Amino acid sequence: MASTFGTLFRVTSFGESHGRAIGCVVDGCPARIPLTEDAIQPQLDRRRPGATALNTPRKETDTVTILSGVEHGQTLGTPIGLSIPNADTRPGDYAEMEAVPRPSHADFTYAEKYGLRARSGGGRASARETAARVAAGAVAETMLAAFSPVEIVAWVEAVGTITAPRPDLTTLSRAQVDATLVRCPDPDIAADMIQAIETARDTGDSLGGVVACVCRGVPAGWGEPVFDKLTARLAQAMLSIPATRGFEIGEGFGATLMKGSEHNDPFTAHPNGGIRPASNHGGGIQGGISNGEPIFFRVAFKPVSTISLPQPTVAFDGSPVIFEAKGRHDPCVLPRAVPIVEAMAALVLADALLLQQTQRIPRMSQ
Amino acid sequence: MASTFGTLFRVTSFGESHGRAIGCVVDGCPARIPLTEDAIQPQLDRRRPGATALNTPRKETDTVTILSGVEHGQTLGTPIGLSIPNADTRPGDYAEMEAVPRPSHADFTYAEKYGLRARSGGGRASARETAARVAAGAVAETMLAAFSPVEIVAWVEAVGTITAPRPDLTTLSRAQVDATLVRCPDPDIAADMIQAIETARDTGDSLGGVVACVCRGVPAGWGEPVFDKLTARLAQAMLSIPATRGFEIGEGFGATLMKGSEHNDPFTAHPNGGIRPASNHGGGIQGGISNGEPIFFRVAFKPVSTISLPQPTVAFDGSPVIFEAKGRHDPCVLPRAVPIVEAMAALVLADALLLQQTQRIPRMSQ
Amino acid sequence: MASTFGTLFRVTSFGESHGRAIGCVVDGCPARIPLTEDAIQPQLDRRRPGATALNTPRKETDTVTILSGVEHGQTLGTPIGLSIPNADTRPGDYAEMEAVPRPSHADFTYAEKYGLRARSGGGRASARETAARVAAGAVAETMLAAFSPVEIVAWVEAVGTITAPRPDLTTLSRAQVDATLVRCPDPDIAADMIQAIETARDTGDSLGGVVACVCRGVPAGWGEPVFDKLTARLAQAMLSIPATRGFEIGEGFGATLMKGSEHNDPFTAHPNGGIRPASNHGGGIQGGISNGEPIFFRVAFKPVSTISLPQPTVAFDGSPVIFEAKGRHDPCVLPRAVPIVEAMAALVLADALLLQQTQRIPRMSQ
Amino acid sequence: MASTFGTLFRVTSFGESHGRAIGCVVDGCPARIPLTEDAIQPQLDRRRPGATALNTPRKETDTVTILSGVEHGQTLGTPIGLSIPNADTRPGDYAEMEAVPRPSHADFTYAEKYGLRARSGGGRASARETAARVAAGAVAETMLAAFSPVEIVAWVEAVGTITAPRPDLTTLSRAQVDATLVRCPDPDIAADMIQAIETARDTGDSLGGVVACVCRGVPAGWGEPVFDKLTARLAQAMLSIPATRGFEIGEGFGATLMKGSEHNDPFTAHPNGGIRPASNHGGGIQGGISNGEPIFFRVAFKPVSTISLPQPTVAFDGSPVIFEAKGRHDPCVLPRAVPIVEAMAALVLADALLLQQTQRIPRMSQ
């Protein structure tokens, strides 16, 4: 159950970090959408480990192959199988985990759930699983582009205690985000963030932070009431990303400090006719349904659990040990989390677009 | 799609605020669970409007009837139909909405989605819909109690800028929560909150706040990896509640300010054998799966959108109006949100319990 | 799980034969479809017990109430709650079942599944459950009529060994079907069928038979490949009706006796342009997808399990008993099965229509 | 939607006949089930084309690779990715299809559905898709074997007009079935069937037939009431197989010719205690739930649509053509359908086993 997301635009993912391959099946993508591997690879490259000095040295090219669902550069309407081989697997690095559950990793909980001791590299709980999401998200973005001028841009808003001011949400581009190594569009703050990450790495510690995201061009009317509110689906999508700890839409927790008279978004006449909200405290969603304004949300990532500093803990058998992570790890995942957040947002929106089509059926003439 | 929640323990809800009835069908509840209306009514009474001076004067007894799925006080394993009549409907109060979308309500987005002008009382987007959730949640709690010593206790942690200190999560009870009118277990802070709510009401304004929740007694191993992580399902569940704006698990956004060496939860030997986390920064969930520690999360509620203060806005036709809400409304929904948060948590946990049974099947002797 | 059908047009049913009510929630029906109870009641009346001398004397008016989802005679796009009270319940009639499982009923299998002894009237396994399907099917037909000129007509093709010739599938109407008490459009064969049913009733025995069904006006392109082929969904739908034992599409089992050169449907130019199949051995579906020709299928119903004749069997405790059914029962359910088959076909087609909308989205101009 | 089957034991398949690979993701298989490719390959070999003189000469080794979900020969509880490369693809063979829809194939309906002309080899509608089902079914059988002594054996009961007598359902084995080239356990009838198939091949024509199947060892209590009756799920599963036209359980359409007093299955005391049906007209299922007796059903396959005989038809543009199939094709698919029917039955039963676990949860001591 765990591995399928979406009602109509459905992604079913598979793969452990050290198995033969990771990948997914994207079912429900309409036919006749232009699609090749070239549309998918760039987002995978943004997520790829080993890209910069800030990242884990694990070397994966993360080259995606389309196994099915596409012919002559167009989708067929059938399931799109995507596969990404695992190249640089070193199970030896992880031998110790068989005996000792790593603090704040999923080794212990997986063992409790499945009755199996932690497997090499964290297996399915590894962040490597997110490559499949990024591939699927790129398909979703490609599909969205065929029908709607949706633009999804995420960026690193905070690393540890260093926070960047809100950029201009109406113009922010991925190019601006990628202009700094840490994917924070403010160059000065980015420099501070990079320094903080390098310090964390040098001290064997790790940092968390906040990824913010804006989705522009979403028309009013997407999202389903009650349990599948657009906010609810975005929240599920974001909290399903490894290491996430919180989600906020619009003013988020800040809204709790405002009065209704401050937080409410009144309406105004739209220059092109019709009406639109005059402000956007709600983050582009009212009653779980998009209102045509930019959708804005924030996602909290905890500091990376794998640290080089020695940690006093116990083995599965209860005996005390000092755990020192070997293996490969990032001191801060925030820059690589940017395309993952975008991918999950794209999956939510692609599903919402398809679901909304049932309200758009032409009526028979009487 | 919108109106069903859960994979095995499934709730399908129905009802508008001013139709004949609201209710739900609970499918997937195992047979032979003791259940009568008496197990459901108390939580409905906690959610009910008109209960205190702080709440909307709308008078609803919210009396639940079990239509099916139960015989001789026991569940049959078949769908449990629950119905709650709408008694005190006054469509006249809402006539103005046909022409003017209320600021920060769903009138505009529903009109965009469905092509229908806002209906009386907000219809499906009304918080009245949550009565069905509370009824379903009570069934979920009853089922959980048959199998597992799960205790779910939510409380009002903040109203506007007034925040209560964290109570003792291991002992907090619903009785302690209900000891104050505002459902904050700290009596002094509660008094401040009540005063703030009364001031908001008197000035025609409204307040938001934070509901916190602890789930004790959840064994390790519940929750599904990847898209259906327990965190993800809780986030979806909470953000599906009307007026919610954010969700945090464990340290939440505060985790982003900590280093890995501070945030990590090492393990310790359990007095009864086995091991357990020595601290609980993770909020009881690692890798999306429960670790046996109390699950702790927080939910942000925006200030109520319905305020008596005049609001300059425009009608659906773009003409300027000054909107002054009539009808009935709460200046602060936080106290009534407490059983709703508990209900949604119960639905998530009931589903997780059933899903985990597939890992507990006795093997054939070889 | 058991009680929800459909992917987009979803019905969740509830109710035991002797509880307070049966009913269902229809989720996914688009907004702005004209709908009142008057559109639903006629099909319920066709299914209702006690309507004719051929049927069970149980008196149920089966009056449906719309609880939600409709306002001012139009659907809102929200879940449509439908409730039908159980009026004439006589639990006393069924006391013996607590001790003795009725032959070929579900008393034994429900007891094995749920660990509960058979409940009065067969509970959820009673054919009374189908009233909810018929109500939902009427909603589906109403929705289909708004978008597509679909006509669904079922009839009794066979009762026991008496079989009617194939009527003209292009013109057969429900009025023609209802012209005979037994719902066989051939009056002479109908007379024979009625006589056979009366003989069965008089001898305390029962009969089965075949309901055939044609769906006209389904455009080409409905149905999903692989597991959700239109044939597969129709087969599931029909075999989910109590007492069904078989399903055939097009030539059905007869196709196994034909050669490819006999069974194949070549194409011909359509008078209005385009092409269409020149024959219809396939029953309107190829590769699981409708081809625009009438969809034709047959459903086998076993003879009614409840008979007055004494049956040697054993009680739950293994002791021999002679079981003689008291209670109320039909000697032949075929006439009442006609609207049930139509309802299930309508549910399948309504879902297929909505699913196909994802292939109909207008593209953005480049 | 189309490409996922099952509620808890879920298969999501992908692949066209002439793309890079076909395969599937099996999600929901419990952890710690012994599994290697060796458990899957034998059933694939039974389905493989080119195995005998009766089959298509297309040469595919159909070698399955487990991409994920298994480590050290045991399932991990995570999704099992399975991939089978397409080796012998000859798109040139199918060039004509771009212009001419093959009679009784899915070329026309896929074109109507997706707006794309028929692609090489029928794409997703090709029977090659069933290799993924057979692989998934082998995983399901492996899982079933860990928990329950379920045995599933299908065989060819009829080819065209040649029908074999019913074998002993309690002892029939796959070895007996495979003892003849045509997978009919009666050697004399098998010889007649082979002759008929060779005649059909030599005359450029094709044959259909009936596959029968028995499932032994299914305990009482599997299957869900109402829409997910075991009969309903089996019917969906079987009618989702390409070329199927009908499904019967137990006496099937033959039951319609019997009286209730003949068809009913009374109960008898079980030698080991408890009770069981004394006869099995119902085919092992009552009220949609297994009763512990062998489950018996039959599936009708139409004659193969691809024939060498010239067929007068029209092109997509309406112009008359004489279509003569080139490419590779079987004159009769029945022998190869045997493992496909077994696979689909295994998927239904695996899901039923997992779903039934929710009724088996130990209660807390009071």
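For the reader, a short list of remarks on this structure follows.
We call the chains A, B, C and D, going by the order they appear; numbering starts again at 1 in every chain.
What we mean here is this: contacts are C-beta pairs under 8 Å (C-beta built on N, C-alpha and C of every residue); 3 or more make two chains touch, one makes a residue touch a chain.
Being a predicted model, the structure only gives us computed values, none of them experimental.
Overlaying the C-alpha trace of subunit C on that of subunit D calls for a turn of 180°, given as a multiple of 5. Greatest centre-to-centre distance from subunit A is found for C, with centres as Cα means.
Between A-D and A-C, more C-beta contact pairs are found at A-D. If you average the Cα atoms of subunit C and of subunit D, the two centres end up 26 Å apart. Distance between subunit A and subunit D, defined via averaged C-alpha coordinates, is recorded as 38 Å. Chain geometry summary: the mean Cα position of subunit A and that of subunit C are 45 Å apart. Taken residue by residue, subunit D touches two or more other chains at 1-4, 7-8, 13, 28, 31, 77-78, 113-115, 124, 225, 355, 359, whereas all remaining positions touch fewer. Chain contacts here are complete: no pair of chains fails to touch. Contact residues of subunit C toward subunit D in the complex are 1-5, 7, 13, 101, 103-106, 108-110, 112-115, 122, 124-125, 129, 158, 160-161, 200, 205-210, 219-229, 231-240, 242, 244-253, 255-270, 273-275, 277-278, 281-283, 285-292, 300-307, 309, 311-316, 318, 323, 355-356, 359.
Those residues of subunit C whose C-beta lies close enough to touch subunit A in the complex are 7-8, 28, 30-31, 77-78, 145-149, 225, 353-355, 357-364. Partner subunit C is touched in their complex by these residues of subunit B: 1-4, 8, 10, 12-16, 19-25, 27-28, 31-32, 65-71, 74, 76-81, 83, 113-116, 119-120, 123-124.
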